[in-house]
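One chain, chain A, links the two complexes that follow: it is found with chain B in the first and with chain C in the second.
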Partner chain A sequence: MSNAVVTTQNSSTKGLAGRYLTFTLGGDNYGLPVMNVKEIIHMSPITPVRRMPDYVKGVINLRGAVIAVIDLRLKFAMPAADYNDRTCVIVVTVPGVGGERDLLMGAIVDTVEEVIMLSDADIGPTPEFGVPSDTQYMLGVSTLNGSVKTLLNIEKIFREEGVVALLAADPTPF
Partner chain B sequence: MSNMMTIQSRMLVTVGMIISLALVMIGGVVYGVNRMNIAVESVALNIVPSLEVLDSIKKDIYFTNNALMRSSVAIDPNEIQKHRSNALSFQNKLTEDVKKYDPLVVDDEDRRLYEEVRRTVSEFELAVKQTSSLDSSGAEYDRAVEQGAAVAAEAVVSAVTASWNYNIKLSMGDAASAKSTVSNVNIGSIAGLLILVAMSGGLLTWLVRTTSSALGSVSNSLGNGARDTASAASQVASSSENLSQGAAEQASAIEETSVSLEEISAMIRSTADNARKAKSLAGAARTAADNGANSMDEMKNAMAAINLSSSEVAKIVKNIDEIAFQTNILALNAAVEAARAGDAGAGFAVVADEVRSLAQRSAAAAKETADKIDTAIANSRRGSECTATVGASLTEIRSSVAAADQLVGDIAIAASEQATGISQITIALNQIESISQSNTATAEQSAAAAGQLDSQASTMRDLVRKLDGLLGRKSSSHFDSLSGAAFNRPKPVSRGVAVARRPRSEALQRPSLMRPDAANEMIPMPELPSEGHDGFRPLSN
Partner chain C sequence: MTTNTEETASLNFLRVAGPLVDILAEELAFIAPDEDTGILAVNSVASDLEDLAATVGLGPWSEAIELLRRWIDEMVQGEGVFNADLIGRLELWHAWISDLIQALEQNHEPPKLPAEWGSNVDQNDDYSLSKIAYNDALSDEIHNPNGTQGVQVILKIDEDNDLLTEFHLEALDLLEDIERGVLKLEENPDEISTIDTIFRAFHTFKGGAGMLRIQALADVAHELETLLDALRKKTVTVNEGIIDVILSGSDFLTRFTTTLGERLQGDRSDPTIFVDPGDLIFRAKQAYAGEVVPTRASLVTPPIVEVKTSAVQRDEAVFEPLNRVVPSPVREQPIPKGDPTPNAPAVKSKTPRVDEAVNRLDFQIKSSVSAVKVDAEKLDNLVNLVGELIIAQLMVVEYPDVVGIKSLELSRNLRQLSRVTGELQKNAVSLRMVPIGAAFQKMSRLVRDLAISQAKSVQLVLEGEDVELDRNIVDKIGEPLIHLIRNAVDHGIEPPSKRLEDGKPEVGTVRLSAVHKRGGISIRIEDDGKGLDAGRIYRKAVDLGIISQGATLTEAEIFSLIFVAGMSTAATVTDVSGRGVGMDVVRETIQNLRGKIEIQSKPGKGTSFTIMLPLTLAIIDGLLVGSGNDRYIIPTLSVRESFRPKQDMLSSVHGRSEMVRVRGQQVPLVRLDRCLGSETEPVPATEGIIIVLESGDATRALLVDHLLGKQEVVIKNIGKIFDQQPLVAGGAILVDGRVGLLLDVEKIIHMNF
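Then we have the complex of A and B:
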C-alpha cells in the first residue's frame, strides 16, 4: 500500500469545494476556507501575553480591536522562524460554539499565496498513514497544480488544545 | 815568530843586515885605507918634505961651507966677497930651510933631533958669524972657516943625517904600517866578504823560504777559495735558473689568472648592467602596479558606487515589492470579501483578481528586477572579490617588486663591490707580475753575477797557478776541472708565454766532458800541444 495521495470521490470530502486561501508555512502549502478568513494584514507589533502556551504570541491592535494571535508554526510544532516582511497575519473568524459570538483570531503564517477555487475533484481525503497520528486539523489535501496543499480545519486548530503531531507526519510532496 | 813579520820587514831585515855587513866591511876598508893614507901622507907630506928640507939644509950647509971655504981659499977679494955673499945667501937659505922643518916635526924624537939640528945650525951660524967678523984674507978666517964653520957644518950634517935617518926610519915604519894595513884590509875584506856572502845567503834563503811558504799557504787558500767560489757560483747559477723558471711559471699563472679576472670582470659588468636594467624594469613594474592599484581603487570606488546604486535600486525594488505585496494582500482581502459576499461580490471578485494579477505582475517584475539587481550585485561582488584578489595580487606584486628592487639594488652594490675587488685583485696581480719580473731580472743578475764569480774564480785559479809557478810548486790537484763553461746565463723570460724549460742537456754536455770517467769518451789528440787546455784535461795530473 502506497502513501500516495489518492484523489477519489469520497463523501467525506463532499462539501469541501470552495474558495480557499492558500498560504505557506515552513515551506509547505496550506489552505484555509475563505469563509473563515476575515482579512489579511501585515505583521504588526505584538503585545505579548503571559502565562499562555508558547504558540500564543500575544495580542495585536487591529483598528481598535484587540485580537489574539497565534504562531501556526509553533502550533504545528515546527521550528520557530523570524518574522520578515512577508509574514502575514490571517485574521480568521472562528465560529462560536454554543451561542458564543464568532471569535476573531490571528494566525501568523509565513506568506499568503492566493485565493483559489477548489472543486471536489481537486480535494482528496486525508491520506492514511501507517502511523497513528492526529489528523483532526486536516480537512483534506489538495493536489492542484501538482503541489500538495493541506487544507486546515480552523475550529479544530483554534479550539483544540494540545500538541499537534500533524505536521510531524506531513508527507513530503513528490 | 818569523811568520808574523811581513815580507817588507823581512826584506828590510835581510837587506839591512846585508847592508850593515857591507857597511862594516866598507868601514873596515875605509879605515884601512885611511890608515894607509895616513902612512902615505906621512911619507908624502912629512917624510919626503922633511927629507927634502934636510937635504936642502945639508946642501945649504955644504954650499955655505963650501962658499966659506972658497972664500977662505980665494985670493981675489971680489971672489972672496962673492963667496961670502954666497955663503951669506946660502946661510939665509939655510935659516929658512931650518925654519921650514919646524912644522914637519912629527914626534918627540924628531923634535929632539930637530932641536939638535937647530942647535948645530945655530952653532954653525955662530961660527959663520964669527967668520964674518973676520977678515977674509986672514988665517984666522981660514981657521975659523975650517975649524969653526966646517966643524959646525959637520955637526950640522951629522945632526941632519941623524934626523934624516930618523925620518927614513919613520918612513920605513910608515911603509911597514901601510903594508900591514893593506894585508889587514885584504884579510878583513875577504873575511868580511865571505861572511857577507854567507850571511846574505842565509838571510836570503830564510827570506825566500819563509816568503814562499807564506805565499804557498796563501796560494793554497786562494786555490781553495777559488774552488769554493766556483762551486758557490754554480750553486748560485742553478738557484737563479730555478728562480727564473719559477718566475716564468709564475708569470704564466698570472697571465691565466688575469685572463680569468678579465672574464670575471666582464661578467660582473654584464651583471651590473642587467641589475640596472632589472632595477629599471622593477621600477616600471612598480609604477604599473601602482597605476594598477590606483585603477583598482577607482574600480573599487566604481563598484562601491555600483553597489550603492544597486542597493538603492534594490531598496526601491523592495519598496515596489512591498507595494505589490500589500496590493496582493489587498487583492486577497478583496477576494475574501468578495467570496464572503457571494454572488454580489462576483464582479468585485473579478476586480480583485485583476488587481491581484496586477500585483503579481508587479511583484514578478519587481522580483525580476530584484533578481537582476541581485545578479548585478553578485557580479559586482564578484568584481569586488576579483578586485580584492587583483588588489592583493597587485600588493603582492608591489611587495615582490619592492623586494626584487631591493635585491637588485643589493646585486648592483655587490657587483660594484666585486668590480672593486676585481680591480684590486688586478692591481695586486700587476704587483705580483712586476715582482715576478723583477725576480726574473734579479735571477738574471745573479746568474750574471755567478758567471762573473766563476770567471773570477778561474782568473784566481790562473793567478794561483802563476803564483805556484813563481813559487816553483806543482799545481795542486785539488783544482777541479769545472770551468766557466758550465754557466749558461738563463734566457730572459718573455711575458705571457709559458716558457718551456731550457734544455738542460746542452748545459750539461760540456761539464760531462770534464768528468774523469768521461775521459774515454774524449777523442784522443795526443799530438796537439796542450797549452791553454789545462782546465779541460782529465784529473790525472
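Then we have the complex of A and C:
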C-alpha cells in the first residue's frame, strides 16, 4: 500500500521565502510568487484560438495588449468549472530567456484570496506523488496557519517547453 | 608606376578584405555566449572572404579562411549560438587576419598561421601576394610621407556626450550627402550644384570637427573642402582619380564616425580612436595639384602621438590652422590665393578665427532648423499611444448605450472627436514614415563597387525615392534589397562583351523603383540581364531533393524555388555572392514584414523581383470575416476579390477537393472552418463568401461564413505560445473591445490538407 508520502530531497526549498498570492482551484489552495504577478482582473470576453491544447482558452484584450489566457484547472487536468463572478484572471509576467522579452499571460482561477508572507521555515519540499507530471509545476508546499498551500512554479506552467506540436499541415511549398 | 595583375589582385584583396575584417571586429564586440546576435553578419563575412579567397590565390591563408567558414557552419548547424570557446577562436582569427592585412600593406613578413589551424603548406612558399611590387618610390611617399604620424584621438565620452552624439548624427547625414553627391558627380561632372553640395558637406564637417577639436578630422575635411572648392572654381576638373580621392576622404571620415558611434554606445571601454590622415591629405593635395594618384590609401601604424580633444572652450578660438602634421609632397604645390595656407604659420590676428567660428556656427544653426531629431523609442511610444487612443475612442463612440442617446449635440461632439483622433493618427503614423530613398541611396555605391569589381558596366536607375514607409520597415528592407541588387549585378547583368554580342546595350540597367499600390507599397528590382534559367533551377531543385523527379510545376512555381534554402545556382563563385544563404532569408524577412515577393523573368531579357509591403508594420488594412462564432482579419494586401459563389462555379475532384471558377481559372477552395479544426457538417459553399487570396505563385479561394467589413487595425503580437497554431499571425482589438485574430495568408495558401 503506497500511502506513505515520500518527500523529495532533490529540489531545495531554500530561497523560496517571500510574498505569495494565494488562490483556489476546486477547494485546493495554491500560491504564486508575487513578483511574477502583474495584476488581477475579472473575467473578460475571451477570443478562442482554435486547435490549441484545451487549457489554452484563447486571448483577451488587456487595455490594448493581446494576452493569452490559460485555464489552470484544465492545465492540471482537473474538471472544468463554469466561470462566475468570483472567477479571476491572474496576469503574470513570465521571464523571457535568451534575449526574449518577458511574456504577459493570464491564468484563470476560481477565487483569489490574499497575499501572504512566507519564510523558509514555512515552506517544505514538494511531496513525491506517483504523478511526476504534476510535481514539475511545484516549487514546494507551505503549511502556514494549518492550511496547506501548493506553491507553483510560474515558468514551468507558462512556458511551453518541448510542447510545440508540429501540425500535420506543416506547410511545404509544393 | 607599374600595374600588373598581381598588384591589382592584391589591391583588390586588401580593398575587399579590409572592410570585411572591420565588420568582423565590430560584430565581435557584440557577440556574447549563448546568443546568436551577429551570426548573420559574421556568416556573411566568412562567405565573402571565402569567395575572395577563391578568386585571389591565397595559398595557405585560404585554409585559414576555410577554417573560419567551417567554425561558423558548425555553430549554425549545431547549437545555433556562440560559446566562449568559439568567441575566443574568432578573436584570435581576427587578430591574425588584421596582422596579415597590415603586413601586406607595409610589405612586412606575413604572420605565421597558428599551428593548431593545421596548415599543410610550408608557409615560406612564395605565392602571388607576397610578390607585391609596389613602385618603390611611390610606396615610400604613400607610406612614409615626411613627418606624418598617426594620431590617437581621445574622446571625453562622458563629459562631451551630448556634443559628440550630435556630431555623430550630423556626421552621418553629411557623409550620406557626400556619397550621394559623388555618385551624381560621376554621371555629371560639370554639375555645379552637386559640387557645391559636396563642398558644403565637407565644410560643415570641418566645422563640427573643429568645434570638438578633433584636429585630424578637421584636417582631412579641410583638404577635401579645398579640393572641392577648386572643382567649384574650375581650377581643377573632375576625373576618376579625383572621385576616388573624394570617396576615400568620405570613407576615412565614415570610419571615424562609425567608431565614434560605437564608443558613444559604450561598447568598449576604450575612449580612443586611432586615425592616420597623412596618406589621405597627401593624396588630396596631389589631386588638387592636378597630380592624381589612382591607388587607394591604406592605414599605416607608425608611432603614436597622443592628442587630446575637448569640447568647445568658449574664450579660445576653436579652429587652429593646419601647421601640424603635414606631409611635404615631392613637388611644391602652388598655394591657392585667399585660403588659409596649410604651410603658413599660425594666423596672427584673432578676428579671422572668430569669423571662421561664427561662420561655422551659422551653418550649423541654419542646417538644423528644418528638422528635429527625436529619440526613436519616444516616437514609437507616441504612435502606440495614439493607436490605443483610437481604439478607446471607437469603443466609446460605438458603445450601444451611447449610440442610443438621442442628442444632436452629443452626436456632433462625437463626430468631432472621431475626426480629430483620425487626424491625430494620420499625423502620428506619418511621423514614423521616412522616404524609401534613404534605403535606395545606399544602393548606388553598392552597384558602382560591384560593377567595378566584376568589370561590368551597370547603371542604377532609382524611381519613387519619395515614397514614404514606416522607418522600421525601411530599416529592415535594406538587407533584402542589397541582396537582390547584388544578384541582379552578379548573375543578371552579363559582361559587356556578351551583352554586345546579344545586341544589348553595353551598359546594363538595374532599376529600383517604389510606388504606392493598394494600401501598401510596391518595390521593384529589375534588370535587363540574362534572366532566370528555369531548367537549371528545376534540375538543381531535383538534385537537392527539394522537389521530386518529374514533378510538374508552373514557371512561377519554378522561379519560387530560388527562395528555398541552399538553392543558389551560381555556376562560379563570384567575389560577392553565390552561396545559397541569401534568398530564403530575403523571403523570410519580407514575410516577417507582412509583405510578399514575386518573381518574373524572361530568358535573355531580364528578371524582376516585386516586393509588396504594407505601409506600416503595426497598422494594416484588414478585411474582417466571420467563421462560426469567430472573427478573423485578412490583410487586404493579400485579397484579390470576394464574392458569393454560384453553384455553377463550384466543382470538385474525388468528391473531396473543391474548386471554384474565378475569372475562367479553377482555384482550389479552402474552407476556413476546416482549417481551424471544426468538424461540423460542411455548409454548402453557396451560403458562404469566397475570399480570393493570392501570394506570389499561388491563389486560393477561402470560404468563410460572413464578410463583416473592412477596418484598419493595429496588429498586436499574441505570443510564442500560439506558434502551435501557424494559421494565426497576430491579434487586433476590434471595435467592440474584443480581439480579432489575424490570419497568416501564406500558411493558408500553402497548407496541405
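We take it that the second predicted complex is superposed on the first by the 141 of 174 C-alpha atoms of A that agree within 3 Å, B and C clash if a C-alpha of one lies under 4 Å from a C-alpha of the other, contacts with A are read in each partner's own complex, and residues count from 1 in each chain.
Heads up, the rule we're going with is that contacts are C-beta pairs under 8 Å (C-beta built on N, C-alpha and C of every residue); 3 or more make two chains touch, one makes a residue touch a chain.
Bear in mind that the values here come from a model prediction, so they are computed numbers and not experimental data.
Of the two partner chains, chain B is the only one touched by A:Cys88; chain C is not. Counting the residues of chain A touched by each of chain B and chain C gives the higher count for C.
When both complexes are overlaid on chain A, the residue A:Ala68 reaches chain C alone and has no touch with chain B.
When the two complexes are overlaid on their common chain A, residue A:Val59 makes contact with chain C while staying clear of chain B.
In the superposition on chain A, A:Lys38 contacts chain B only, with no contact to chain C. Applying the stated contact rule after C-alpha superposition, one finds that A:Leu21 touches chain B and leaves chain C untouched. By the touch criterion given at the top, residues 45, 47-53, 56, 58-61, 63-68, 98-100, 103, 105, 158, 160, 163-165, 167, 169-174 of chain A touch chain C in their complex.
Residue ranges of chain B in contact with chain A, taken from their complex: 322, 325-326, 328-329, 332-333, 335-337, 339-340, 356. Listed in rising order, the residues of chain C touching chain A in the complex are 34-35, 37, 81, 387-388, 391-392, 547, 551, 553, 557, 560-561, 564, 630-631, 675-678, 716-726, 728, 730-733, 737-741, 746-747, 750-753. Chain A meets chain B in the complex at residues 19, 21, 34-35, 37-42, 85-86, 88, 112, 114-115.
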